[in-house]
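Some notes on the structure that comes next.
All chains are identified by letter, namely A, B, C and D, in their written order; residue positions are counted from 1 within each chain.
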């Protein structure tokens, strides 16, 4: 689908690539959300995260979110890119970019997409601390 | 102020520069709004826009918005960059980037900043069509 | 009948495997499978918050399984 | 007393200039200045939606001007 770019990759995600995909002569605003790895969580220092995914299903769920965003909001294009594997502080696990004629729709669709991704897309992260590791959200 | 980057320039704005400014080991999410020049408005085809500013005051107002965003929302850093001069379809008049520990604050602060900018910062754009030109918003 | 069960995240750690082949009865539901898994792997007994996907789509407890379905055990996700 | 008046956007076009030097009285307010501008430049008569900034800060109608203040006429902004 030419309005949707979905990616799950162990390569470094590219802000410029997501921006370039959604950029469009008819659009007046682009909202981009970039998730970044924080150096701490609650009280502990995080050394690295390891993202694993149920790949084929994750891609389907990401595409579902993208389609739903295009159907629900007045937006033109959407990119949802997610990283797999080991990431360190400052690395980028996820980028979501949305273009729209008007900015309000871009903000809403982008927020919808990242909120949905964190609820339904089968990707898990394990946090590694000095003294151990834990699956995030495992016991909600 | 090291948490605030303000720019009003006739150079091309850089998404990467804004991103790099706000990126921070303590931040978990970055929201970036990029305004882009649309190829039409209402029913007319736009050939180009010309942005002019009351420079010194525009910088003060942009800084005021940035400070207010940092005071109001749980965000770490903010960049507000605006272009001056002639821009064409796809060019970028404005970039606002905000980093935060949690994404909700980044979205809210970014939306606040662009909404405020469009209300208070003394910058004006003239739209050039095939058959004439008009100051945008001049008769609201 | 038999289904393939894929395990992820903490559930893979708890069971110590990433895939299982699991025998089921005709008309067994997702719920039946969950019960059977808990019986076979007692380490799951205190862990019931996972979702289930069948052939890469989320499925509810009353979903009826077929032979050779691929069932994924989906602990609470934490992408992004 | 005298103030410098900066004109922008459509107001600069209507008046045909970007700056004016304008004589004012002691204790003249922003409102007095607006009235005087409308009298001197009748082309502004149908145009009253502008804001005013004094020395680069927005000022209300009751703001009292001083000698050498820099007054900016700010038509509705359209940045972004």
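In this section, a contact is a pair of C-beta atoms (placed from the backbone, for glycine too) under 8 Å apart; a residue touches a chain by one contact, two chains touch by 3 or more.
Keep in mind that what you see is a predicted model, and the values were worked out from it rather than measured.
Asks: Going by the average position of its CA atoms, which chain sits the greatest distance from subunit B?
Replies: Between subunit B and the rest, the longest centre separation is with C.
Asks: Averaging only over C-alpha atoms, locate the centres of subunit B and subunit D and give their separation in whole Å.
Replies: Inter-chain centre distance comes to 26 Å.
Asks: What whole-Å value do you get for the distance between subunit B and subunit C if each is reduced to the mean of its CA atoms?
Replies: For subunit B versus subunit C, the centre distance works out to 49 Å.
Asks: With centres defined as the mean C-alpha position, give me the subunit A-subunit B separation in Å.
Replies: 23
Asks: Listing for subunit C: what residues touch at least two other chains?
Replies: Subunit C, residues with two or more chain partners: not present.
Asks: What are the residue numbers in subunit B that touch two or more other chains?
Replies: 35, 114
Asks: Identify every two-chain combination in which the chains touch.
Replies: Those chain pairs which touch are A-B, A-C, B-D.
Asks: In their complex, what parts of subunit A are in touch with subunit B?
Replies: It comes out as residues 15-16, 19, 23, 25-40, 89-90, 99, 101, 103, 106-107, 110-111, 114.
Asks: For the complex, which residues does subunit D have touching subunit B?
Replies: Answer in residue numbers: 6, 8-10, 13, 47, 49, 53, 56-58, 72, 74-80.
Asks: Using the touch definition up top, name the residues of subunit B that touch subunit D in the complex.
Replies: For subunit B paired with subunit D, touching residues are 35, 51-54, 56-58, 60, 82, 93-94, 114, 117-126, 135-140.
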